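Following are the structures in question.
In what follows, chain A forms one complex with chain B and a second complex with chain C.
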Partner chain A sequence: MKEGRSNFRPSFFIPFVQMKVMKVCAAVLWVLAVFNASSQNSTPVQGQLHGNFQVLWQQYNADSIIGAEVPAEKTGMNAFGSFAYTYGNFSAGIRFESYLNAIMGFPGRFRGTGIGSRWAQYKNDLLEITVGNIYEQFGSGMTLRSYWEPNLGIDNALDGIRVIVTPDTGITLKGIYAHQRFDFDSRLINGLGLVRGADAEIFLNDLVPSLRPNKTKITVGGSFVSKFQEGETIDKDTLVLKLPNNVASYAGRIAIISGPVSFSGEYVKKINDPNADNKFIYKEGSGLLLNIGYSVKGFGITLQSKFIDNMAFRSDRDQLLFDVPINYIPSITKQHTYNLASTLYPYATVLNGESGNSLNAFYTVKKETLLGGKYGMNLALNYAAVNNIDTTGLAGNDQVVYGYETNSFAFGKEKFVRDFNVELKKKFSKNVTLLYTYYYMEFNTLVTPVTVDFKGIVFADIHVLEAQVKLNKKMAIRAEAQALFTEQDKKDWGTALFELSVSPHWTFSILDQYNYGNDNAKARVHYLFGTVGYVKGGSRVAIGYGKRREGIFCIGGVCRAVPASNGLELNITSTF
Partner chain B sequence: MKKIFLLTIVLVVFFTSCDVIDEPICPPLGVGFREDLYGPPPEFDPQATVLTNVLLEDFTGQQCGNCPPANILARDLDTLFGERLSIVTIHAGSLAATGPDYPNDYTTPEGDFYWSQLAFQAYPEGRINRKGGPSNFFTTPAWEDEITESLAVPGVLDLQLAAEYVAENQHLNVHVYSRFTEAMPDAFRLVVLVIESKIVDHQLWYGHIPPEVPDYVHYHMLRGSVTGASGEIVFTNPDADATLVSSYSMDWNAAWIAENCAVVAFIFNESTGAIVTCTDLELGE
Partner chain C sequence: MKTSGPDFFFAPQLSWYEGCQRPPRILSQQGESRNQNFNTVIIQFLSPMKRYFLFLVIAFSTLAASAQASALPSVQLKDLEGNTVDTKTLSNDGNPIVICFWATWCSPCKRELNAYADLYADWQKETGVKIIAVSVDDQRTVAQVTPYVNSVSWEYEILLDVNKQFQQALGVVNVPHTFLLDGNGNIIWQHNNYQPGDEEELHKELLKLKS
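== the complex of A and B ==
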């Protein structure tokens, strides 16, 4: 039982303010459009309007074998339209959103149609001022990152004011003061927490005259972010604990580029922040991100190291998952694109603590060599290893209040993921290109719960062969054959993809994902999905029909559970 | 000037936006006797004879069909041993859950904590002066003998209690007098609990026809605490005659009926968990 914690509660004050803001935004856009139309002959400044639309509609059929359910309305639809208008130093934008009702797997509380984002901005040589919804990132994002990822259902836009000042060449100062988007119910709904932040970035080569001719380029920066949420005490076990209303996170960073060598690093700290992610412990958080790279023509290598300890940071201490995250922890595992590797065992960043290293390298075998042949050959290699962090649990009240002590930045004993993959890409002729990718994964399903069928480490080998063949000037085919071998979980899988492109408008594809190795014969299902797409200019219409497997969909280490589905899909996108 | 102004803003934001909490643990809930309202705490006279009293903690649940016989046994033992025995009936665990026929939740954070201390969680079972440590428990056939044995332990702590419910201020005032008669090693914690009797509500009882009893009378039910489940340290390595009066004013919970409530106080050894002695006082007296 917890008391004194501020759960989200809608306030009549918020819609009142938002209605006013919406009206003001609409009025500003309209006035600018009229003004622009009437003044085009008298001023060289031209206004520009850009935008994009997306509609995703799904129809559902029941399918007890794959566990596909049908909502009461039998269909779902997510749609949005964004508009941005620029006139000289001024710009403004607005985004309409519609969830009628949200497609399955999205936050079910997203519903209705209304304005999900609105903003206005003015900038000159010294200042850039933005009011309304703001997307911003400080450094690598470990102190602050607000972003919109419609495919994941994430929008943690800041809603307030941001000022960016460039007082001197090479110096950029940012200040932000805002609430944060939490929900959507025919209108934008903000959480109660308040986010305040400042960031400074200095490009030393511009600031220090003696460094200007230097080939080594150095950038340093620092950020500070504080959230405010009211709260008095929390009951935890038998203790009553004081809640911090103001929780701060701060970071320092440096980036150096010298010829082919680059280095960047950021270290972040967070003060006591009891929250639902860390089970309300008062331990400080910290994080370290290091990158070192070497790149020349035809060869590049990057080493990354990451340490994260208790770094979930939200503007509402009671929220979890996608709700009101202030920061973002970059992923060092590769984001895979092939069907089996990307959907069966995708790794999600563990905000409460992980320690990892990765290596990424590519090499281009030159043309007219034994291996390279006429067109050369590309090799890419990636390895990532992530474990828990090295900690010692505390005892008694200290355990209740602080949880554990961190011993070092080193790996803990629990393996989270191992991901090795190598890709060969070889063009054999003007019309034929082959790609082969091999993956070896060790994946802890207790840490990233992608399956309910197996708890522990899955050892998997994946082979992917892709062929790209140009049949003639207008037609091309792309085919993939994929196989996953494992003794754990649902055992072996295969995927086949065939895609035909008829330039300039049409694409036809069919995908079959087949769990042929499942011990349960009834679960050896073909997840067959066919798509027809039509593209013209900046617009695309795609219709698909078939089955989709229950699983996890990830972008950048952030993952969303996707339920099984069986039915028709319509996807329309357009930009202008 | 412009840079200084900006820097000042950043520094102001920085220094006003951090609540570093060095001591997150709040003092126990009941701390702070309202002397401004009620005057000084009462004075206690040392008892000439100091005996060891016994606390029986009876773990139960409204959906535990085997528990009513244990509740009845506890009340029989209360009659048998009189003032030397205090009883706290703790609703905790899965059989204390609410359900369609059991709409009221009688679990408490304190009870949940005590339940979590048990080495084996089952119903009915009881702790007797936490003999053998807080994880140790006794089944009903052993209760009488264990209580008798514990009552025979020579007394070393004079524990007295004064309590009053002040209706106009909705306060429970509690004063606990404690005096060691011998020097003792270790630290000792004082716990003050509130229990309530004569609560009429549903109870599953396999020995009753029908087993769903809608008007079962619950006695000695743990309702809350003044000090928290773990209490507060009141003595560390006390000398003989080490004496302390601990006074509390606690906000009353309106769901409790004062005349049916009692206060139970006990002191336990922090190292072993064993209770040194206990006492109770009915507010309706």
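== the complex of A and C ==
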């Protein structure tokens, strides 16, 4: 539905705006090129170019048992080429993108080849001015964060102008005016809304001379972001409501670090913002992130607390999921690394409302102790709990307009996730290291819909044993045995991984995921996938073949559903 | 789309075509009007969007050809105390610097930096090298950087790149990715990924710098 709608957006003004930005970029590049060519050997300033190429190609075979489908074109390819050039105080960059056609699992509306990002920048001690596609984060990102995550197909770049002023050491002021990247169809396509933001950050120890030698470091900051999108009226129940043209969000933050102790916090408010995420209610939004840490050599602990209420904030109120988010709400659960723990039941932030706490601890048992042995032993412990928020529903017209009332920052009654895990790592000899990780999860699939087979709370135990064995100076083996036990959803899973590496170039790996506990005998499938990789310097080529499970792929608490696939994969990356 | 008026950057396009020996005759057949000069023929042949596209490609090739040493771009990062560090100013008194991109959620990254940690004291004595570990943990996991680093007792300088701006400025696609800079701050070696034994490669490169 969305794909169709995007084609009919009134975007006639965008090519014109884009051309203007392109002209600016072209002008800056031209100046740079001429300047650079004419000034070689006469000045110590040197130009530098950095960038990369990325190609992901996939071929598809039909496999009805795992649900793998074949698109009409039988293959998919996503490719990127990024270039960033710096000459003295000037820099400029460009990124070419190709979706021929987009790999399955990425938005199918990304099509063709063209320029997906371009920017130019001038910078001196006082000012930094950037035009074009800008990546920026204010504070923890709860008011504004634009970023590029090619593996998830996310690019909410702010396309406009940003000025950063540093009037004095310790003070950073930022201002930004931009549209936001929404789509790609042989060129970058921006969304409808306008984003305007300002941020101030003060590092007190730099600003106040008497605080400079002080061991306690204090940073304070504040940000304000406003989006503009013309709004008419909506019909809700029997009411006709006027949509706000402008929606503001603002936040204050502080970070204190004193020796081993650290504290940071940010509180954000958002005024009425009826949108597709919150089903067009006019309630205000708010969010709180708190973090307390203590850490000395050999030991570290952090406690985090998070409260989010109605904080979806997009530059187009009608969009959902990955499209034009202005802000970023991090997830409080740990980002797991082992396959079964990270892809079957990954938790993602519930933007409409959640309250959570987490604890993280790291400890190293000293060498030459009973438990530590010759090399010491590392322990990591993590617990996260997230529930809904404590609210009371409203009645009558208030319910239609405002939806609900929030009572406190406390947990509501509905459980979203519990995630306890502990990891032990012990080096037994110069060449042998073993790791054991245990996870206990309670995961609400009604809230984070990662599966269609079960609605409710999944209780799962996961055990992972990993062995790393160095065979000689160049060759090493890494093996993982993983087991997930649950009475819900697809029941029990086992995973085995075997990897052989020959430094500095080669890796060979084979992964088998086996849903041996599935009630449906036909679904007890081995998902076998083999990979060969070759690395040289900053370049890597990897070829893989086999079956991939339908699942969830997450980066930084943002997850995308990936369809099942069966076929050949080629992955090339090169940094220069 | 609107065809814009005279622009300053037609010249490099022309010279590029001439350099490529592309006969203007073929192009003129594509154009609607025969009595236009070569310059405008090209303007008509390529849509405005394509012209900018082509120009950008040419400009970047020119720059790539004229780019000399590969040094560090300037990005403002924070250290673990909250101080702002400009990556352009990273230095080590004329000794080599190793920059490792890593994250708390990245197992090979931690294997790499833990492997270096065992050898770091020896490497420092031999070559005076300094290792800077740049964490690309975003807001979700950045709070784990300090406790993790302390728990494993790394002696590296740690920088935080929460929105991947330094990572992108250096063209790094995924972590781990390691750069070696000589005493003048030029990137002379890099390596993507980590496999046990890769530390020997880095050590060899460090020794080459020393000799």
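The working rule: the second predicted complex is superposed on the first by the 550 of 576 C-alpha atoms of A that agree within 3 Å, B and C clash if a C-alpha of one lies under 4 Å from a C-alpha of the other, contacts with A are read in each partner's own complex, and residues count from 1 in each chain.
Simple rule for what comes next: contacts are C-beta pairs under 8 Å (C-beta built on N, C-alpha and C of every residue); 3 or more make two chains touch, one makes a residue touch a chain.
This structure is a prediction, so every number in the text was calculated from the model and none was measured.
K.L.:
Quick one: chain B and chain C on chain A, clash or fit?
P.N.:
Fit - chain B and chain C, as placed by superposing on chain A, sit side by side.
K.L.:
Which partner chains sit in contact with A:145 here, chain B, chain C, both or neither? Use first/second/both/neither.
P.N.:
A:145 sits against chain C, while chain B stays out of touch.
K.L.:
For the overlaid complexes, name the partner, chain B or chain C, with more touching residues on chain A.
P.N.:
For chain A, the partner with the higher number of touched residues is C.
K.L.:
Using the touch definition from the top, say if A:217 reaches chain B (first), chain C (second), both or neither.
P.N.:
Touch status of A:217: second partner only.
K.L.:
Once chain A of both complexes is superposed, is A:361 in touch with chain B (first), chain C (second), both, or neither?
P.N.:
Only chain C; A:361 stays clear of chain B.
K.L.:
Give one of first, second, both or neither to describe whether A:59 is in contact with chain B, with chain C, with both, or with none.
P.N.:
The answer is neither, since A:59 touches no partner chain.
K.L.:
Which partner does A:470 reach: the first (chain B), the second (chain C), both, or neither?
P.N.:
Only chain C is touched by A:470; chain B is not.
K.L.:
Touch test for A:538: chain B only (first), chain C only (second), both, or neither?
P.N.:
The second partner, chain C, only.
K.L.:
Is A:501 touching anything from chain B or chain C once the two structures are fitted on A? First, second, both or neither.
P.N.:
second
K.L.:
Which angle, as a multiple of 10 degrees, do chain B and chain C span at the CA centre of chain A?
P.N.:
Once the two structures are overlaid, it is 140 degrees.
K.L.:
Once both complexes sit on top of each other, what is the least C-alpha distance from chain B to chain C, rounded to whole angstrom?
P.N.:
In this superposition, no C-alpha atom of chain B lies closer than 21 Å to one of chain C.
K.L.:
Common interface residues of chain A with chain B and chain C?
P.N.:
Touching chain B and chain C on chain A: no residues.
K.L.:
In their complex, what parts of chain A are in touch with chain C?
P.N.:
15-16, 19, 22-23, 25-27, 29-30, 32-33, 36-37, 40, 46-52, 54, 82-87, 91, 94, 114-115, 118, 123, 135-137, 140-141, 145, 147-148, 172, 187, 203, 205-206, 217-219, 255, 257, 262, 264, 291, 293, 295-302, 304, 328, 330-332, 334-337, 360-364, 378, 380, 468, 470, 473-476, 501-504, 507, 533, 535, 537-540, 556-557, 573, 575-576
K.L.:
For the complex, which residues does chain B have touching chain A?
P.N.:
The contact residues of chain B facing chain A are 2-3, 6, 9-10, 13-14, 16-21, 23-26, 28-29, 109-110, 113, 228-230.
K.L.:
Which positions of chain A touch chain B when the two form their complex?
P.N.:
1, 165, 167, 173, 175, 196, 198, 200, 224, 226, 228, 233, 235, 237-242, 244-248, 250, 271-272, 274, 282, 397, 401
K.L.:
For a test of understanding, state which residues of chain C touch chain A in their complex under the given definition.
P.N.:
Residue positions touching the partner: 1-2, 4, 7-9, 12, 48-49, 52-53, 55-56, 59-60, 62-64, 66-71, 73-74, 76, 80-84, 105-107, 111, 138-141, 143-144, 146-153, 162-165, 168-174, 177, 189-193, 195-198, 200-201.
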